[in-house]
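Presented below are the structures under discussion, each in the form of structure tokens.
One chain, chain A, links the two complexes that follow: it is found with chain B in the first and with chain C in the second.
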Partner chain A sequence: MASTTAAAGEPFQFPEMYNFPPFFTRQPNESTWKEQRRQWCDLVLAFYRHNRLYSMSLAEAVTEPPFANRQLRRALRVDVLREVVDELVKQGNAVWAGAKGTKDICLVFWRKPEVWATMIHQWASERGLFNTVLTVFELANGDDTAGQEFHGLDAATLRRALDVLQSQGKAQLFAGASDEDLGVKLFA
Partner chain B sequence: MCGAELMVTTTAEAIAAEAPGAETADAPKGITVVKLSFRAGGASGFHASLKDALAGQAWVASSLAELTDEPVASDGRRATSGGGISTILSTAHESERARDETLQSAFADLDALTAKAKEIVGMAEHLATQLHGGKHAPEHAFRQYLLDLGIDSPVTRDTAGAVFHSELARELCDYLEHYVAQCGGSVALVDAYCLYNRAREFSPVFPSDFAQACRKFADLDLPLRLREYPSGLLVLEDAASADDALVLARVDSYIASFGPLTASDLAAIEDCPLALAEERLWLAERHARVCRDEAVEGVRFYENRFRPVQ
Partner chain C sequence: MKSSLEDFVRIHQREIRSDPVFRVQVQRMCQLLGVDPLASRKGYMAELLGVGDFYCELGIQIIDICVGTRSVNGGLIEMDELRRRLIERRLKGSEPVVEDDIKRAISQLKPLKSGYRIVDFGNRRMVQSVAREMNSDFSTVLTLAQYTNKFTREDIRLAWNWDQDRIHACINDMLCLGIIWVDEPDFEEPEYWVPAFFHAN
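Coming up: the complex of A and B.
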């Protein structure tokens, strides 16, 4: 993941739940499970936001924090994590990526694409860049965007944000020779 | 042998050789003497036969044969001489009589056993009532042992008829109430069944009848209750402590004071069967009072921290 870690150095503050062994067992009681799942969703988003992570491979994720706790020697099972991600998808905070119908990789939106879209539009408006063709690569990694929240955004998530803008009629995408060459023109 | 009149003539060979003195000395004393004359020969053959008979003591042998006559007949070895059907009949009769005797003696034993059992139960009850006044723990325990020994005149299908299950339910309550209370308010149905049937001695009840009677507790407003847990485990409970809230409160307090619990921890604390301890924890889990931690060492139950803080 080619992302800058904005809060590098500052370790992630795990919630108290992280040291509670039953947190890593899927609770059979439905109401308990709902609450447990909610707390997992919160933890995933907070952890991914803190470390500016965007995508998750479930099988790998369960071997390390926040899904595994080495002190307790507990780890969430993949099928339980899948249920958690399903919930995130339902809330619009994640989408399943990878081959259709499989649930092995997902994008985690700790900020929804709509929010990213608004930020990018705002930035273009401030810089007077409407009606100018920009490459998607420079949008994420260019010097112009340094210091912006969306600087360093991963390609898949950025693409979704631009899709949102296009559907709102505020952007037009130009396909290039490859994904890297994708161009975009923003409108007011 | 000769067919002709016997003339009193001494055969020189036979008599003279045997006892020449006897002829002269015995005759005057009136002892019967038989004189045989062989006019047409054959004397030597007769003499040989006589000698054989004397040597073999034929009279002793024949009387011995007569003595052993009866056993031989019952053996059936002489069936040919005794005659067909009557012998067969008598043989059959004989064996029937023997069988009757065996059966009679066997049943006499069983009756004696039953009579003794009743006596013992009576004795136990007598002692129990005598001890009734005493409030001391050992005496009380002893009294309970005696009561545990047996139930006099238990309810049976024959005596109770249509109301059999209701009557059985009442008797069960009388008998088991104390035991259930002793076991902390609930016992597995299987344990109760074994205990009760042991007390009934010679007229055990069927498991299905037992369970059916237990299901009537609530209708009859008796002090015990049958509870079926979702896993199928059947438990007899004290109506007073059958309330879920009490079980939940106990589990809560154990976790508060002992920390996270496994089913075997709870079984040890409450002194109850493991299956029952599991059911209690699952009950608490269904009520969202506890949550579980599944690890390689087993399942451990914690206080439920997932409950949303209102």
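Coming up: the complex of A and C.
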């Protein structure tokens, strides 16, 4: 599986198991299930990385690849996907989003917030943008960040990266009128 | 006779290592003459043939692949698949591997008592890597899956008229061992698939 983000338009290479019908049924035997769950975790991260996806609504996700295979007419059940995401959360590769205690929406970290944080900090350093107030919208979508790995990052994941920087004393966040108006000042 | 065989092997040592067909031919010749080149690790023929290390290395690679895929296939891997994986992982330019080599390497693993052996289910030749007697019901059921990679309870009943308890016990045991995986889409009869038989391409 590709370890870096693929060029746009390049089709995702599904693993062999994606064409194995029982892959979509939770296996009753515990050790087989552990292996199956591991393969699903790998597939989620690879697919989300390839397509630069950041969040998942479980109910919607099971109607689309990689959780559904139309050719086989097979799809993972939501409760099984929930178990897969629980495992990703345990590994630190996802967090449950949405209302407290619910498990319907999650953020998928094919790159951890700490890594995004480092990239953003590095960029600000190179551009001499320390101690300047930037909007979060600019960071993700502005012309200045075009071509950066974090360009196009979704608001929720970006916010987590900035939280990391803030906790390290490398950023200060300023509330705006809306989420997109959120401002941030970065420090060396 | 032995000494002329020795001379022959010495002269052709390089071809023996690089050409699997020739290697098999020389080994057959040794067998015909009652000489087993792999009889002992320090066997003079093994040294001459330069094959001792070759099979030792191959054996280790076979173990590695079998152990690495066990959680998916329950310790059963198809011979062709094993060979494909061996070739893939061996360094480019290393000696090609044929089925005969795999057989020899596996027979060399016997002293380890790890249960590595070759088993046939109908037209499917498999390498089994877990020490257990293959329950004869398992073998029968696997034979049923040899062409389609899968079977249903009804397939078993139609083929051998087993009662439900026997079918249930057999399927349960095979699921527990990881030899089969269940495919259970909504509102359809479950199908049981043999991962060791399944290759996407």
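The rule is simple: the second predicted complex is superposed on the first by the 181 of 188 C-alpha atoms of A that agree within 3 Å, B and C clash if a C-alpha of one lies under 4 Å from a C-alpha of the other, contacts with A are read in each partner's own complex, and residues count from 1 in each chain.
Keep this in mind: a contact is a pair of C-beta atoms (placed from the backbone, for glycine too) under 8 Å apart; a residue touches a chain by one contact, two chains touch by 3 or more.
A quick note: this is a predicted structure, and the numbers were derived from the prediction, not measured.
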Room on chain A for both chain B and chain C (clash or fit): clash
Contacts of A:35 with chain B and chain C, given as first, second, both or neither: both
Partner chain(s) touched by A:89 [first = chain B, second = chain C, both, neither]: neither
Partner chain(s) touched by A:27 [first = chain B, second = chain C, both, neither]: both
Partner chain in contact with A:74 - chain B first, chain C second, else both or neither: both
Contacts of A:19 with chain B and chain C, given as first, second, both or neither: second
Single chain C stretch clashing with chain B - from 43-51, 97-105 or 151-159: 151-159
Chain C-contacting residues of chain A that also contact chain B: 20-22, 24-25, 27-29, 31-32, 35, 73-74
Complex interface listing, chain A residues touching chain B: 17, 20-22, 24-25, 27-29, 31-32, 35-36, 39, 73-74
In the complex, chain C residues that touch chain A: 71-72, 74, 175-176, 178, 181-185, 191, 193, 195, 198-200
Chain A contact footprint on chain B (complex, rising order): 260, 285-286, 288, 291-295, 300, 302, 304-308
List of chain A residues in touch with chain C within their complex: 16, 19-25, 27-29, 31-32, 34-35, 73-74
